[in-house]
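Please go over the structures that come below.
Shared chain: chain A. Partners: chain B in the first complex, chain C in the second.
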Partner chain A sequence: MIITILSAITLLVVAFCYTVTLEGLARKIEARIQRRYGPPFWQNFIDIFKGLTKHSISHGFIFDFGVLMALGGTIATVLFIPAGSIVVFPGLDNVFVVIYLLAIGLLGMAMSAVGSGNPNASIGIGRALTQMLGYELPFMIVLLGVFFHYRTSSLSELVELQISGGSYNAWIMPIGAIVAFISLMGMLGKKPFDTFIAPAEIASGPLVEYSGKYLGMLLIQHAFATFIEIGLFVNLFLGGGRTLWEFLLKFFLVYFLAVIISSIMPRFRVEQAVKFYWKWPLILSFAQVVIVVFAMGR
Partner chain B sequence: MSILTLIVVSLLAAPVLYVVARLNRRIAYVAYAGLQLLSFFTVFFSRGSTLSYEVIGITERLNFNFGLSPANWFFGSIVMLVISMSAVFMLPLNKTPAKVMLLALVSAGALGAVFSMDFLTLLIFWEISTWASLILIIQDREKSVKEAIKYVSIGAVGSYAMLFSVFYMLRELDAIDFSTVAVRIEKAPVHVQLVIFISLSVMVLAKLGTFPLHTWLRGSHSCAPDEFSPILSGAMTKIGAFLLFIVAVMIPSLKIFSQLPLFNGIPLANYVLAALGGVSIVVGTVMAIRMEDAKELIAFSTVSNSGYIVLALAIGGTYATVGGLMHVLNHAIASAAMFMAVAAVAYRTGTTKIHEMGGLIVKMPVSFAAYLVAIISVAGIPPTSGFVSKWLIYQQLVQDGLPFLAFAAFFGSIGSFMYVFKPLAGIFLGQLKPEHRSLKEAPLAMVFPMAFLTLLTVFWGILPSNAIRAINTVTESVGADSVRITFSRIIALTGQWDSILVTGVFAVGFFLALLIFMKAKRARRVELMDNYTSGEFIYTAELYHFSYRMYRPFDRMFERWPSMEMWLASLSDKIRELGHLIRAVFFPKNPQIYVAYALVVLLGAFWWLR
Partner chain C sequence: MSNEQTAWEKVANMLRSRSLWMLYYCTGCGAIELPPTMTARFDMERFGIGPMATPRQADILLVTGYLSTKTLRRVVYSYEQMQAPKYIVGFGSCTLNGGIYYDSYATINRLDLYIPVDLYLAGCMPRPEAIVTGFNELMKKIDRGEATGWKNYQENHEWYRKNQIDALGEVYVHDEFHE
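Let's turn to the complex of A and B:
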């Protein structure tokens, strides 16, 4: 019990500090790619703590409640992500649980944003949900292949099996890993799949009405959500890690690949994004899962 | 009280209630609600009693057989729960003597159908219920007659298929009761098995509202009186699930079709049925996303969820069977709650069009909460019961390695976020319309059933082992396997689901968020119109609410797709044109030509008979 609580606290602290630092570094790298100087790498910490201490406005009960639900649901989901040697709930960290628990946070955020009464937020949420139908489908199909192959959907067991098998899923199922990475870009809302944020078009979409502590909490939520999404990919396809440091290194590599690709991309319209996902990634994911089910056996 | 007495009382109550309603409508409706609650409690608490078997003889060979097996109890409890809650819900709504009689007939028919032990009894009571609901549908709205015709014609396809199947079974197997048929069909030749399976499946597809017989749901669910839609979606379609359970699970379809070609261990016949379920998941989801009327949207979500039930029970296996039955329970409760919330809103605002409302959360918070929990369950998010059934169905899809059926299941699951969120955003969130500023929460009689169904959804979400244990007795009673459970965990092939732990972790997360929220400075409360507007001045709340065609970009992708409804409409146009042609040729306006026809016919007959 005490070990569970301690590892949960460690995981939350590590996830928060590491992801926020990386987000700061990403801003710096993106700036350098675009020949700007960029903010210091601790800028995101400054943003969050500044936000939490400022005055803010509220648009009513659901506006507050949705933010709490978003942050609460996301914090709960982080605890189901194994990070190297830190595994809070071994055996219970089902991927389906992670995906659907993360949805609580998304639903809370969506409710709160639409509850602000700003049409920009509604448009953004509409786009986000549409795009979700795009990227989740190929991702889930690939996951089906992974679970079928290993006969488990527990993240920590998948990590162990990959390490003991001596070969990562990215090598065993390369097509699936590529598809999952493309889906990950959509999940993270990186360009070209950032149509639901689109600052110049719909004024940051869902985030348009947030200020002060609300914005601070949603920045924390965003950091945790990033940790969950990339953590899922690292655990599923790159074998997690034997130690925390190995996990964090792989996390770093995946995140920076996504950032670098994103910083040279334009933006898809939302139906273009969905059509894209339903064309190549979906075909490739079916190809991968057919190979896994019919050619590789169990 | 035995089940037989209950059915007879319910049948006799219909004309009595009509007479009472002519005298005093309020008393009749209260009596109706009391009778339904009584039937629900009788059914629900009869669980412990042993398997009883009651027969009314008609002729030497035909009997009405009623029984109380675990399956009958399970489906009966679900159906009567939804009907009794709707009966309480409809107390404040407008009342007519005809409606109360028809409603009583519907529930008597449903009661007889779910407690039947043979196919003919099932069909007869089902038809009583169907015909009563047919007349009920056309009670409130003008355009509904056309929709009712669709309902009756598609229902007829199913009923004739089932009637055929009953007589076919009598000829080939010399039995029509479920248990004997299940035994004898195993030895029958494969074409007999296939004919029975297919003809009964047609009835299942028609009544559950599954592709390709799903076109009646949109019209009849949305045109039906608001208080009847929950019964239609939550109870009537679930009788179709009862027949499906008999066809696919009680008759061991996986075993008897094992000589047919197999797809990853699933026989062809079952795979085709499951694929139809998959298609209806996708069709229902896409169409639901595109609807602008809340009731039409929920009707298509029923198509999609019926697809889940068909898919799960057709592929069989332990997890899918239990998951499918759990989904019957979830969807009955959730869709009833969704329809009730929309009906409550319609009772106050007089519309079901999503874009004619907005911001009603401040006026109708309980309806909002009921709708919110119901959609969380439909979308399959923990901690509601909807997650458990979808999770179990996924376990089976992973175990059997069925990527194409899994695609449909995932599509429906993720797509459901889109369609359930649309009414939430359009009706309850966003800007309040000025004409709705003086609205009040729905009356207490409406609030109570909604709150009760909401609590049940959350209860079985936090403690799914309670529901799974009941379902395990159902599957064990027909010789299928059961899912391993402990108090808080469900143990499946690829992992475990500990609902209490996950709920607890979520509570901790929520508490941490609340801590940050309370520690920070208190926010200043502003009006909904006090918004970021890029420097524009806004005064009209109704124009500042984005809900009409919320998913327009998605909509555009599917605009040119073939539509089954349009295809059927043009087919009916063609038939009507053919009728006009025949009338134009053979039915001239001039009476002399009729005389000429008559003479020709008489002369011809005379010549032929001479």
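Let's turn to the complex of A and C:
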């Protein structure tokens, strides 16, 4: 019991500090790609805590409740991600649990943003959910291939099987890993799939009405959501890690690949994004599943 | 105005001074000096200053160039939507004395009669160097707890409101976006 609580707290602190540091480093790297100097790597901590010191305005009960639901749902989801040696709920960390719990955070955010009554927020949420329809389909099909191959959907078991099998899923099923990575870019809202935040078009979309403390909380939520999404990819395709450090190193590599690709890309419109996802990634994911089911055997 | 800060306010002001998000109101020509300030050559982001899309999230309202009686209403609206602590930067000579259109019937000559300005950047136009220096000055002022325009606006709201009504007749905007 006490060990569970302690490891949960450790995981949350590590997830928060590490992801926010990486977000700051990502801004620095993006600045260097654009030949700028860039902000210090702790800039995102300053942004979050500054948000928490500011005054803020509420738009009613649904608005407040949705923010708490988004933050709470996301924090609950983080606990189901095994991070190297830190596994909070061994045996319970099923992929489906993660995906369902992650939806709570997203829906809380959607409810809250629409509760603000701002049309830009509604457009942003509409785009976010449309895009979700786009990337979830190929992602889930690839995941079904993975589950079929290992006959399990538990994250920590998948990690153990990959480590004991000696080769990661990214080598066994490279097409699936590529499709999952493209879906991951959509989940993270990195370019070219950042239609739903698009600051220049719809004034940062869902976030348009959030001020001060609300924005601070949502930035924390965003950091945790990033941790979940990349953690899921690392565990499923790169074999997690034997130790926490191995996990964090792989996390770093995946995140920076996403950041570097994102910083040289323009933006899709939302229907282009969905059309893209339902064309090549979907075809490739079917091809991967066919290979897994008929060619790889078990 | 007392300069005594509690420990909490010191920490808060330090954070606020190092992360400033700008909302710019670009009706005048001043906006043309902002892209070079934000991009590779002068890179404002190294001070934690960046553009922000909406008034709710912004800390600084940057009024670039001159205001007419029509646009002043919108500036007042945007300013009142922002969340305290919030700062206004008057950009260019136009916000100080009306600039080259000072004698027009529709030009606002002094911005700080209507909303509290924390920092003026004089010049027509101020160059990126001047903008960066000015923002550094603003950061120092916030850190020392001297940029208290927003408190001033709350305390003397009636005075500001009277000036706004004298200039505009009515502050409320009647159009399809503000119903």
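The rule is simple: the second predicted complex is superposed on the first by the 298 of 298 C-alpha atoms of A that agree within 3 Å, B and C clash if a C-alpha of one lies under 4 Å from a C-alpha of the other, contacts with A are read in each partner's own complex, and residues count from 1 in each chain.
Basically, a contact is a pair of C-beta atoms (placed from the backbone, for glycine too) under 8 Å apart; a residue touches a chain by one contact, two chains touch by 3 or more.
As the structure is a computational prediction, the values presented were derived from the model and not from experiment.
S.K.: Let me test your reading of the model: by the given contact rule, A:L161 touches which partner, first (chain B), second (chain C), both or neither?
M.R.: Once the two structures are laid over each other on A, A:L161 reaches no partner at all.
S.K.: Does the superposition put A:D64 against chain B (first), chain C (second), both, or neither?
M.R.: In the superposed model, A:D64 contacts chain B only, not chain C.
S.K.: Go through the superposed model and pick first if A:V208 touches only chain B, second if only chain C, both, or neither.
M.R.: Once the two structures are laid over each other on A, A:V208 reaches both partners.
S.K.: For A:T74 in the superposed arrangement: first (chain B), second (chain C), both or neither?
M.R.: In the superposed model, A:T74 contacts chain B only, not chain C.
S.K.: Who does A:Y100 touch here: chain B (first), chain C (second), both, or neither?
M.R.: Only chain B; A:Y100 stays clear of chain C.
S.K.: Let me test your reading of the model: by the given contact rule, A:I261 touches which partner, first (chain B), second (chain C), both or neither?
M.R.: Neither: A:I261 stays clear of chain B and chain C.
S.K.: Kindly classify A:A287 by the partners it touches after superposition: chain B alone (first), chain C alone (second), both, or neither?
M.R.: Neither partner.
S.K.: In the three-chain superposition, say which chain, chain B or chain C, touches more residues of chain A.
M.R.: B
S.K.: Can A:S56 be said to touch chain B (first), chain C (second), both, or neither?
M.R.: Touch status of A:S56: both partners.
S.K.: Let me test your reading of the model: by the given contact rule, A:P199 touches which partner, first (chain B), second (chain C), both or neither?
M.R.: second
S.K.: Which chain A residues are contacted by chain C in one complex and by chain B in the other?
M.R.: The overlap between the chain B and chain C interfaces on chain A comprises residues 53-57, 120, 203, 208-209, 212.
S.K.: Under the definition above, what is the set of chain C residues touching chain A in their complex?
M.R.: Contacts found on chain C: 11-12, 15-16, 18-19, 39-40, 43, 45-48, 51-54, 56-57, 59, 82-85.
S.K.: Taking the touch rule as given, give the residues of chain A at its contact with chain B in the complex, in rising order.
M.R.: That would be residues 52-62, 64, 67-77, 79-80, 89, 91-92, 94, 96-97, 100-101, 103-104, 106-107, 110-111, 114-120, 122-123, 125-127, 129-130, 132-133, 136-137, 140-141, 144-145, 147-148, 151-154, 203, 208-209, 212-214, 216-217, 220, 269-271, 274-275, 286, 289-290, 293 of chain A.
S.K.: Considering only the defined contacts, which chain A positions touch chain C in the complex?
M.R.: For this pair, the touching residues of chain A are 27, 31, 34-40, 43, 46-47, 49-50, 53-57, 120, 199-200, 203-204, 207-212, 215.
S.K.: Considering only the defined contacts, which chain B positions touch chain A in the complex?
M.R.: Per the stated touch rule, the residues are 264, 359, 361-362, 372, 376, 379-382, 387, 391, 394, 397-399, 401, 403-404, 406-407, 410-411, 414-415, 417-418, 421, 424-425, 429-431, 493-498, 501-502, 505-506, 508-514, 516-517, 520-521, 523-532, 534, 544-547, 550-551, 553-554, 556-557.
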